[in-house]
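Take a look at the structures listed below.
Below, chain A partners chain B and then partners chain C, in two separate complexes.
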Partner chain A sequence: MMPRKPLLNTRQISVAAVLGGLSLITEAFGLSLPGYLPGVNFNLVGAYLSIATMAAGPLGGIIVTILDSFTSSVGFYGLPFYWPHVFFLALFYKRIYSMKSTAMKVVGYWVVTAVALFIQYWGWFFLYVYVFKFATTIWPLAVYNFVGVIPYATFLAIYALIPGFVLVTAPNFVRPNWNFPYLKWVTAASIILSAIAVASQAGLR
Partner chain B sequence: MILGTILDTSPCLGQACYVPGLQLDSTTQTAGAIVMIIIVLALAWYGNRKWRSPSQEMIGAAPA
Partner chain C sequence: MASELFGYRPLNTFFHSLDPRVKFAIFFSLTLPAVSWNDPIYLTALLAAILAIGRIAKNSFRTTGRFLLYLVPALLFLLVYNLLFYESSIVSARPSWNLAFLFYLIPVKFWVCPCGHVSLESLVYASGAMDRIIIIVLSGRFLLSVTSPADLTSLMVKLRIPSEITTAINVAFGFLPVSLAQLTGVVEAQRARGWEAKSKNPVTLVRKAVPTIVPVITRSLTRAEFLAAAISSRGYGFDPKRRTYLREIKFKGRDWYTFSFLIGFILIGQAIGAAAWGLGWADYRFTTLILRHLLGLGPPCLWHPLGPC
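Showing the complex of A and B:
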């Protein structure tokens, strides 16, 4: 019989717990960059969850989002809407990490993060329309974030700048020696579920 | 029931949920965010030195 391998080792659990704890504290004290939406700031959870996903895989990222949600200004409503980003980043991260050229690594990381963030955003539009009633459809939020550029660019910087710097300067800390079963399918499922949710608030009928 | 309680009480848009009455101005918020980022970088730097090879990745493993 093959010995069973744990999903996370001690180091990975520790890294996820510490980053999740830091994220919880950051949210609890409101340490974020102001000016995103009424009552919602540019929070730093993206930096924490990205580094945790790099070092400990999707479960690491998920642990961070759970701990963060205890003190997040959108509470546990936001929890599942981080996960498409976590899974998408994890899906491509090992390939990025194994690139020989530092420049290619950085470019690859920013590109994957930009796409992951774009995907993630739509689930949040659903949340802001369906739960928080910031608008009657998702489209004003889409225009504000993507056409207005600055909100998307700010979040992209939060999700990519520090984790990208860590990738280049502290590679042992974020070495991806984790495994996650059926990652491709789980990623696809999370994106499809998010798409269904956002389609329900697109006002297409 | 626990989940229901959390969902009822969690959204507190625009304020820090678990430090009642705390209202930081935007400069303090931004400065605090920068301090947290420095802490993360310090953690990554420490971990990078501690786990130089895959064999050292378990907590408490002796360096080679």
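Showing the complex of A and C:
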């Protein structure tokens, strides 16, 4: 019997481990930006999971989210709600990386991150409404985040500023030498699941 | 080191000695009802159960209380939100009778105020919402306080999670002291240079955090390359599917008993809860009716608050 091909090489494992460990420590020490929701801060996991996804693929990003959830304020419940972002970013990252113009690369990265973050948000609305009951429907949260602009802009800065900087200054580190089977379909499935979850909480109780 | 960060203490209690799968079953059997019920009586009973098992696991009330202090802003938000928006946002779960008015949240006459019509019903609903968040957070806290990082990775191996993921998590746990020293080193060095991340605008805060985050990340990238070389030099990656482990977790007698009890608790608890909800007994309206009876506010029907008497 042939040994199976490793899902991650040693470099990808170590990138995910180091960034995931940093994310865990950052959360544990409360190194986050206050003011998102009462009791919930703007955490910095987005920066770590984006770099891990870029350098180690979706599995790298997922490992960071697992490690972060040990000390995150929402615990293990928040774990799968980062994944649509991870898959969406991974789906377009190879195309962004292969762009020749640095400016286009940066713009492309910010645009993809903005869309990925927008998709990711809806899953979190489901979590806050269905599990934590922060609100009775998703709409107050949607208005607060998207119409209020600042929460979305802050998270976008966290998810795109430093990873974008790494993409430009250390491109070799974040070269996408990874493969993830059925990425297109997995991304689509994660988005559809998020949409179903959030649609279930769109009405009034 | 890793354990200290998320509150694990290596003690010799019944809950510490359980298989990690059973510990997760405890976590789910405590949080699933909390998500599906909204009656404060049921939820308070569940909360009492969590505090009791926490005490058996030698979690002091003082530590738990200190931990709950962090939740105060979230709890206050939940209380005020539910009091303010109960009448406009609760439609299908609204009682069929007239709400029992208690007071206005903002009683002064100003513009559209007095406003924030607080009723007995909204207060009971809000207290259930607060109970729920405490239960969910304390259950997670309990799980991490009795489960070591090694147990968690053993559990992942048992659940057939690919060894690459469990290895990365193991490496991360082993590497935490180094990462911690690196993070504090960078933060202290930047503070010595006069760095301070204070601003009321979150976007400005992100910008101000960059001088600290960038060196932390660039150092991590370098460290990751060295770590990769160290892992490769130890021969990792030959045949990840047939890796062997020094320690493997196994179900013992007490694990089976506890697991069976928990499965029974989840099934019976959910069944009773669902049946009771159908009758309106596990719903917050049931508690409201009891309180209305006690306060002499004359509810329509105590035994079936959702339907006609």
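Here, the second predicted complex is superposed on the first by the 199 of 205 C-alpha atoms of A that agree within 3 Å, B and C clash if a C-alpha of one lies under 4 Å from a C-alpha of the other, contacts with A are read in each partner's own complex, and residues count from 1 in each chain.
Here, a residue touches a chain if its C-beta (ideal position, glycine included) is under 8 Å from a C-beta of that chain, and two chains touch if they have at least 3 such contacts.
All values reported here derive from a predicted model rather than from experimental measurement.
Undergrad: Identify whether chain B and chain C fit side by side or clash on chain A in the overlaid structures.
TA: clash
Undergrad: Mind working out whether A:19 is in touch with chain B, chain C, both or neither, as first, second, both or neither?
TA: both
Undergrad: Under the stated touch criterion, name the partner, chain B or chain C, that contacts more residues in chain A.
TA: When the residues of chain A touched by each partner are counted, C comes out ahead.
Undergrad: State whether A:47 touches chain B only (first), chain C only (second), both chains, or neither.
TA: The answer is both, since A:47 touches chain B and chain C.
Undergrad: Could you say whether A:166 touches chain B, chain C, both of them, or neither, answering first, second, both or neither?
TA: A:166 contacts both chain B and chain C.
Undergrad: Looking at the overlay, what does A:70 touch: chain B (first), chain C (second), both, or neither?
TA: Touch partners of A:70: chain B and chain C.
Undergrad: For A:100 in the superposed arrangement: first (chain B), second (chain C), both or neither?
TA: neither
Undergrad: So in the superposed three-chain picture, is A:135 touching just chain B, just chain C, both, or none of them (first/second/both/neither)?
TA: A:135 sits against chain C, while chain B stays out of touch.
Undergrad: Now for A:175: first (chain B), second (chain C), both, or neither, which partner does it touch?
TA: A:175: touches chain B, not chain C.
Undergrad: Just one of 8-16, 98-106, 116-124 or 206-214 in chain C runs into chain B once the structures are overlaid; which is it?
TA: Given the superposition on chain A, chain C and chain B clash at 206-214.
Undergrad: Jot down the residues of chain A that show up as touching in both complexes, chain B in one and chain C in the other.
TA: 9-11, 14-15, 18-19, 22, 25-26, 28-29, 31, 33, 35, 38-40, 44, 47-48, 51, 70-71, 75-77, 131-132, 162, 165-166, 170, 173
Undergrad: Note which residues of chain C are touching chain A in the complex, please.
TA: My answer: residues 2, 5-6, 35, 70-78, 81-82, 85, 89-93, 129, 132-133, 136-137, 140, 144, 162, 164-165, 167-169, 171-173, 175-176, 179-180, 183, 201-203, 205-207, 209-210, 213-214, 216-218, 220-221, 223-225, 227-229, 231-232, 236-242.
Undergrad: Mind listing the chain A positions that touch chain B in their complex?
TA: On the chain A side, the touching residues are 9-11, 14-15, 18-19, 22, 25-35, 38-41, 44, 47-48, 51, 55, 69-77, 131-132, 162, 165-166, 169-175, 177.
Undergrad: Within the complex, which stretch of chain B touches chain A?
TA: 3, 6-7, 9-19, 22-24, 26, 29-30, 32-33, 35-37, 39-41, 43-45, 47-49, 51-54, 57-59
Undergrad: Which chain A residues qualify as touching chain C in the complex?
TA: The touching residues are 3-4, 6-22, 24-26, 28-29, 31, 33, 35-40, 42, 44, 47-48, 51, 59, 62-63, 66-67, 70-71, 75-77, 130-137, 140, 150-151, 153-154, 157-158, 161-162, 165-166, 170, 173, 204-205.
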